[in-house]
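Same chain, two partners: subunit A is paired with subunit B first, then with subunit C.
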Partner chain A sequence: METAFQLLVNGLALGAAYALVALGFVLVLNATSAVNFAQGDLVMAGGMLAVALAPLIPLPGLVLLPVILLVMAGLGLLLALVAYLPLRNRPPVSVFISTIAVGIILQNGAAVLFGPEPRVAPPLLGDGVLRLGGVAVPEQSVAIILVAGLLIGAQHMIFAHTQLGRRLRATAQDPEMARACGVPVTRMILVTFAIGTACAGAAGLLLANRYFVTPTAGGDLILKAYIAVTVGGWGSVPGAVVGALLIALFEVGVSSVFSYPVALGALYGVLLLILMVRPQGLFGEAVRRRA
Partner chain B sequence: MLAAALAGLAYALFFASPYGLRVLTVAGVYALAAFGFQILFGLGGALSMAQGAFFGLGAYVTGILGSRYGLDASVTFPLSLLAPLLVALPVGLAVLRLESHYFALATLGVAQVLHLLAVNLPDLTGGANGLPGVPAFALFGWVAPRGLPMAALVWGVAAVGGLIGWRLARGRLGRSLELVRDDPLAAGCLGLDVGRLRLTAFALSAVYAGAAGALAVHTQRVVSPEVLEFPVMVTILTIAVVGGRGRMVGAVLGALLLIHLPEWFRGLERSYLIVYGAALLLAILVAPNGLTGLLERLFPPPPRALPDAVEPPAGPRATGEILRVEDLSKSFGGVRALDGVSLSVQAGAIVGLIGPNGSGKTTLINVLSGLERPDDGAVWIGGRDRTGAPPDQIARAGLARSFQAATLPNHASVLEAVAAARLPFDRSVAEAEAHARWALDRLGAGDLALRPCHGLPAALRRRVELARALARRPSVLLLDEPAAGLTDAEKADLAAHLRRLAWEGMALLVVEHDMDFLLPLVGWVLCLDRGRTLYAGPPDGARRDAAVIAAYLGGPAVRDDSDDEDGA
Partner chain C sequence: MRRLIPLLVGLLAAAGPARADGLSFPVLVPLTGFLSLEGTSQRNGALLALKEAPAGLVAASEVIDTGTSPEAAVTGLERAAGGGPVGAVAASMLGTQMLAMLPLAAELKLPLVTVSGTASITEQGNPWVFRFFPGDAVTKTAHARYVVEELKKTRPAVIYQTTAYGQSGKTHLEAAFRALGVNPVFQEGVDPAAKDLLPVLTKALSANPDVLVLHLHAGPTALLLRQAATSGLKIPVVAGSAMHQPSTAALLDPAELKGVCAETAASPVSGGSPAVAAFTESYRAAFGKEPDAFALGQYDGMRMVLAAVQAGAKSADDVRKALAAGRHDGLAMSYASDGKGNMAHSAVIVCYDGKTRIPALVKRYDNVTGVVK
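Take a look at the complex of A and B:
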């Protein structure tokens, strides 16, 4: 019982971080109908940034969060300017390739700067163990769940209840119509890239303590974001979050019984199965619609 | 090109160091893998992320069988081609019908599974360290040691593979795949089996990758999970894009350039992949047609000669009822787009289909051509029940259609666009183009043949679209607003052409808002309103029918742009 609860907490923590990755992915997808293949490498970049900042700011990892959000948002703007805007009138596959190219540059740039070994970022608050109802759970897991929850909540509040959010949603729903109504569509796309990349950076910080960070970590992460979005229904924002939680729980559950490679293999197997029998995702597709 | 090949040969024979030969060999291996990717991604537009994995699978098959069982290439090489094919077929069957992003995801998943297996099945694969001691390429006692023999073997196989790829790319398969890439819906309506074409391309790409992987292992003499890692995929993708998408020559140029690039920038060491990333980004941003595109801009190919017109064979002259629609219904959500519509078109008859916007006209055409499945009712074409059949089957059964917004491939010439309609029927591209020329000549548009479709004025686009339908000699032709945007003279000309087609025995169903054009042309009119038949009878009656006038002709036009009139 106690192990089950611990597994649940660990699964939720992993899922919360995945949810941020998938969230950033799906926001950009909705705003541009383009797949941002660099999302996984951006997570890695956020983790590496945390590793690099940690010696400069010898405080808990949580203090790094605003810095990482800001720097990564800037990187997102750059990504949009270089790899999306020049290609927005070309077939979507062009952006797919340009973001693959950016991912390669990030990945190998990190390998040059940090070397191929796994690196560790500082924990958000501390390394200790909390006792919840008599069960010991790692402090870091609880902190990840709280921070990711706060960030996802903030994203939801911005999109649902502010003028900026309405404009962002209008851009995602119908860019032509939005432009006709006076929404500065290009600027909104830039903002979306900034938000999506900041999400990736935050996820990088959250993951880089317990799960380490290596320059090649992005490959698995983009695949998981992709799977989360497919499971949750292509284009659905809440679906992406739920999908991320599901695959993390699946991963943690199967790993605890068998091993991590088996869990990963099973995850990809299930993905292929879902694509075959229910390509619209578990909850239906929501392309160009946003809940 | 010959001169370049000779220069390469001279370099390999007289100037290359052993190391230089090895790099050249690796370039040949990657060119081979890239040929397959050019067919699938370059021509077919399907972004597979499994090309590197198929390369690795071919490598492991040769590596395991060679090092563990000492088998020679007569066994290992065919099996290295077969294994990727056997993985590609079921995966392709399952996911190729899906949107392209799902295809990329599924193939990425396949790649990750293969990598996991290679690392975690050490008894079979040697695990993370891989298997050493893979023998040299040996066939019936002849052995290709490292150096010149191996380089010659690899480039020999690449030459054969490249020639096959080049012929496929220029032939019916290549042309059909480009059509599928640019507009899968239109391709289906022209009678091309989109799923089968994509599957063929995927299977071919897997075979090429497997061959390349096998040769790579004979060169390296070890096989390790590295061959399944992402950099292989990245290299193949970069070669294809930098070289020039869809071009076999591009694959060779790209492979030679990118595999030698790290050698020229020795200082970069491990970080050569940064250069690949930058090259890929640069190519997609400033030279989307790659090196071959740049070369063609510098040395434009000579203008091609027009083929002579050849009349395509017509089926037996049809008589009687060609198209029969019984009680057809179709709903979208809560909206009944079609509600019990029945219709019959005889050979040689022209039927007009009218109704206000949103009345279900385009939905009816979409159901008849197989783009939408009806909820209820039946469609008979040439006496056979075709209800719910896919568009390509319906097209091959003799039905042709035009689209409201003419869907011509922008980069193709008019002749190529019309010839595309003959691809499912003719044996070669040359034959298809001769037949296309005939169709264009018949509509008085022969002089357009070499113009690019891009930038044609609307009236000419419609004529090309009509030629496309005509070239197939359909027994029934559905036209969606063929007169929109035409001048009076052009309309009269169009009407004359349509009358002649009917006189020859074709059955025509014409959707049109212009009553002065339509009513004199047709022998029967069907008027729809909110999916229901409002009127069916001779055109004179339609002018006098109170319901038709109220809904459409005389009354204030009720414009409701809510649904299906945007063309498919």
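Take a look at the complex of A and C:
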């Protein structure tokens, strides 16, 4: 029972961080109808940024979080200006390729700047262990769940209850109609890239303490985000969050009974099953075309 | 990076008309991709050896990043061979790249000096490959012997990586334990991308082992040790060679390393002799980081090549003959070929005391194969 609780906390912490990755991915997807393949590498960039900032600001990671959100939002704007806007009227494959290129540039840039070694970012609050009965729960795991929950909640508040959020949603749902109604669509797309990349940066900070960060860490994360969005419902924001949580819990749960290779195989098996039985995903499909 | 540039510039400058005996020594290693950490160590070790070439011997060198694809390695080798007479090549430690380069090396008649651990590269009957890093047959024997003979443990739980590296280590560990009359109570592979290793740790501990034996890459080793420390693990851990890398220890608090040992070919940061300490100092000064066993193995390999040139080798074939027949007392160990190109036959065990990240050398297993005379 204690072990099951410990595994549940670990799975939730991992899922919460994956959820931020998937959230950023789906926001950009909705606003542009393009898959941002650099999302995993942006998570890595956020982790590396935390590693770089840690000696300059020798305080807990929670203090670094706003700085990382700001810097990564700036990087998101740059990404949109360089890799999306010049290609927005070209076939979608152009944006796929340009974001893949950005990802490779980020990977190699990180390798040059930081070296190939795995790095560790500071913990959000502390790296102690909470003892709840017989269960050892790392403080960082609890902090990841809380911080990711707050960020996802804040994103929901902005999108659901502010004028900016309404404009962002209008842009995501129908850019042409939004433009006709006076919504500055290009600006909204830029804001979406900034929010999506800030989410990636936050995920990078959250993951880079317990799970470390290397320049090549992004490849696996983009795959997880893609699966989460497919499972949750292509284009569905709550679907992306739930999909990410399910993936992490599935991985931890199945590997604790069988093995990690079995868990990985089963994950892709279930994904295939979902695509066959319920191709719209758990929360339905919000956009018409799957990339 | 700032320290590396003058070294590279100096070595490339030497590639001009003043080449020693007309021979160059290209360095073809993975500097990008998933093996870039080890590839960078390889490059640094090779460059340091070339920089410290014996008096009167000026060695030329070109560094080519082979990435992680076999095609890039083959292209790199073709390019290096086209740049004038080559004495030997410091070649990638990535097994798939070595396997792709081997036929071309035989065709071009170029010795490949590597620290690749992939067993099959020296099982192709190719006389142009020389491995200056002990294979799993050596290191896993040392690994298992330390567990059984020194720690007196008989119920190991083995956690290995599902990659080719991990599978090979697991196979050799299994054989080594069997030879010692011990059967692991638990064995399971984990993917390098696995983020949470608590499930496998929990299952391993439920098999009631008396020692945890790891054969994982650097990141997963650190991740598992951190989760083990969080869970209050009470049994000793004897890890694979990835643990000895200073960059792996840097991921953990010294306290999380208490009771952890690891097998490796060498641990330069642990010292052991004035020559090793001097190597470590030179390496730090040149590259601004700590050397590991891969750097030292590649350094020793290139030193043996340069010693052959200094002793009169005039061509790549002369170098090959010297490597195949000679013996070299390197910093990590004494090297001699077993007839297949396996030059390294020793391993060491290092242990952490829980106070620092620098491990102590606790046991040497020299000449495990009996090849070195």
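To be clear about the criterion, the second predicted complex is superposed on the first by the 259 of 291 C-alpha atoms of A that agree within 3 Å, B and C clash if a C-alpha of one lies under 4 Å from a C-alpha of the other, contacts with A are read in each partner's own complex, and residues count from 1 in each chain.
Keep this in mind: contacts are C-beta pairs under 8 Å (C-beta built on N, C-alpha and C of every residue); 3 or more make two chains touch, one makes a residue touch a chain.
Computed from a prediction, not measured in an experiment: that's the story for all the values here.
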Simultaneous placement of subunit C and subunit B on subunit A, clash or fit: clash
Touched partner set for A:E117, first subunit B, second subunit C, both or neither: second
First (subunit B), second (subunit C), both or neither touched by A:P138: second
First (subunit B), second (subunit C), both or neither touched by A:T186: neither
Touched partner set for A:N10, first subunit B, second subunit C, both or neither: second
Partner chain in contact with A:P261 - subunit B first, subunit C second, else both or neither: both
Steric overlap of subunit C with subunit B in the superposed model, located at which of 3-11, 39-47, 75-83 or 291-299: 75-83
Overlap of subunit C and subunit B interfaces on subunit A (superposed complexes): 107-108, 111-112, 216, 220, 261, 264
Contact footprint of subunit A on subunit C as seen in their complex: 1, 31-34, 36-37, 39-40, 162, 188-191, 193-196, 198-200, 202-203, 218-219, 222-223, 226, 230-232, 247-248, 250-251, 253, 289
Complex contact set, residues of subunit B against subunit A: 45, 47, 91, 94-95, 98-102, 104-106, 108-110, 112-113, 116-117, 119-120, 230, 234, 237, 241, 270-271, 273-274, 276-278, 280-281, 284-285, 288
Complex contacts: residues of subunit A adjacent to subunit C: 3, 6-7, 10-11, 14, 107-108, 111-112, 115-120, 127, 129, 136, 138, 207, 210-212, 214-216, 220, 248, 251-252, 255-256, 259-261, 264
Subunit A residues touching subunit B - in the complex, by the definition given at the top: 35, 82-83, 86-87, 90-94, 96-98, 100-105, 107-109, 111-112, 216, 219-220, 223, 226-227, 230, 234, 261, 264-265, 268-269, 271-272, 275-276, 279
